[in-house]
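Each of the next two complexes has subunit A plus one more chain, namely subunit B in the first and subunit C in the second.
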Partner chain A sequence: MMNDARDLYVELHIPPEWSRIDPVRQAVGLCVAAVLGSEDLRDALGMVCAELLENAIKYGTSDPHGVRLVLQQSIQGNQKEVILSVINAVERTSHHLTALQQRIEWIRSYKTPAEAYMAALTMVYERAEDHGGEGGLGLVRIAYEGGCQLDCDSPAEGYMAVHARCLVPMSDRDLT
Partner chain B sequence: MSFPPRTETRDGLLVTVSGHSIKFEGVLHEQNAFAWLYPFLLDVHQIAVEAAMPEVIFDIRQLTYANAAFWRSFALWLQLLKPSPHPPYRVRLLFNPAFRWQKLGLPPLARLSGSRLVIR
Partner chain C sequence: MEDLIAGDLKIQAIQRTPTILELLWLGKSNARNPTAVLSPYFSQVLTVAMEQKLTIELHFERLEHFNSSTITAIIQLIQEARSKAVKLTITFDQGIKWQKLSFDALRVFSKGDGLLEFRPAS
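Entry: the complex of A and B
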């Protein structure tokens, strides 16, 4: 299907090197600002992209295709859904996907992402964190600061994908 | 007594320490940033306590982005001031509400740390 001029589709294959994260964060933010015209979304999805890439590089394994990032939008009723997906190779014995699913369930167990973020920060503050990395703040930050719903799956054996979705109201221009 | 003045550049981040102030400019996105940032803030804490500073100014107005290591380190710094009913000093944070990550990230931290953190 042909995309129309207002659609957003970006796909990148990135070498799993830490130094690549910040240029991609900026690039994703600029693409979002260019197509959706929102500085808030630019900052939000730039941060989401950086946090997901950090996880992919930290917990992934080497792959000739690198880390794949897809940024796209679709129409959901009278709203647009922007989806940012990061797909990376993992060791077949890795427990990272399970840990990630558990963390996402933990976030969903709170009424709001803000409550989940407050709980995660309190655990860090009380030195009670047991999620490794940055005390588990990265994912919950995606939900709270980024305003995104998270889910993850394994698209093929030895690969995992994390998807961050956010809904954007249609503007008058979208509806014409 | 003040902090020994110094300037340090770290992969996109400029750290300036002078007087009773710490200033971060640029982007904090290093891998394992916690490994240097938390010890850095521990040093700040020790010097501030020894010098009986009433206040430490932390200026992040030109810090355009920081990864989660920033929030973790900052929360643990503020936690050092928690045990005492009269904390040895308070942290005055100068922030920039134009940056979404600061605008949304600071209120939860302020809620946790009470009067130990003053946000401007």
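Entry: the complex of A and C
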């Protein structure tokens, strides 16, 4: 039987507390392993989830609804696409909004996510030599190690959604 | 050298031979600001390594997960160790995809000076 998109749909609302990230990372990883049967995808999407939640908590603003996370799959031709979206409230004037968009554009400007990741690692090393600031690896790691395409949009005034999409080949079971 | 225990992360320091200090990473490194605890610990490790002419072996095989800020802290360690001419080796489980991707990428810092080596294990 052909799997349909609803084989995987999880929606969580999480208080913006750092201690909630790791249990959600594990839960998302286990859901992925349960439906798609892959330990590599479990680890990859667990990591993607943790990096996105870290950002939502670090750069978002407080919101009574908390941080919203949606994990779902859709069918794209003969491939499945797993989509992990994290939505957080954000100040309309926050400089993080442009930083986020620019970072995603920057990643796309490289031929491959691996090249973007190597470039980001080198920048961190060079900043360490200059005793400069830190960070900037989360999103590019999602692209390289997580094998995900990133994009962002604003689903409603004052909210930011970051989507990570990952293509998964159909297994023989899916196609019978 | 003492162990480091911080939240879900434990780094066990073991000196099995007179020339090698092993740092075994266990659990998860997922703190908001891991540099705050890792950086002072690495400074101590580097001081001991310089005094006793030790190679530092970082073992990640049993680490379950780390966040990107931990990768930044590890890159800072690589940079500082090189500036002090302390030899580092990085061992990871190449049978685990996330470990292979993460640590293979750090090979970009091997500069032919023999100060940074990788030992994939599985």
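Here, the second predicted complex is superposed on the first by the 163 of 176 C-alpha atoms of A that agree within 3 Å, B and C clash if a C-alpha of one lies under 4 Å from a C-alpha of the other, contacts with A are read in each partner's own complex, and residues count from 1 in each chain.
FYI, a residue touches a chain if its C-beta (ideal position, glycine included) is under 8 Å from a C-beta of that chain, and two chains touch if they have at least 3 such contacts.
Keep in mind that what you see is a predicted model, and the values were worked out from it rather than measured.
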Subunit A as common anchor, with subunit B and subunit C clashing or fitting: clash
Subunit B versus subunit C as contact partner of A:K80, first or second or both or neither: neither
Which of subunit B and subunit C A:R103 touches, first, second, both or neither: neither
First (subunit B), second (subunit C), both or neither touched by A:W18: both
Subunit B and subunit C contact sites that coincide on subunit A, given as residue numbers: 18, 21-22, 25, 40, 43-44, 46-47, 50-51, 54, 58, 114, 117-118, 121-122, 124-125, 129, 134-135, 137-138, 141, 144-145
Interfacial residue positions of subunit C with respect to subunit A in the complex: 8, 28, 30, 32, 35, 65, 67-69, 71-72, 75-76, 78-80, 83, 96-98, 101-102, 105-106, 108-109
Subunit A - residues contacting subunit C, complex: 18, 21-22, 25, 40, 43-44, 46-47, 50-51, 54, 58, 114, 117-118, 121-122, 124-125, 128-129, 134-135, 137-138, 141, 144-145
List of subunit B residues in touch with subunit A within their complex: 12, 27, 29-31, 34, 65, 67-69, 71-72, 75-76, 78-79, 82, 99-101, 104-105, 108-109, 111-113
Complex interface listing, subunit A residues touching subunit B: 18, 21-22, 25, 40, 43-44, 46-47, 50-51, 54, 57-58, 114, 117-118, 121-122, 124-127, 129, 133-135, 137-138, 141, 144-145
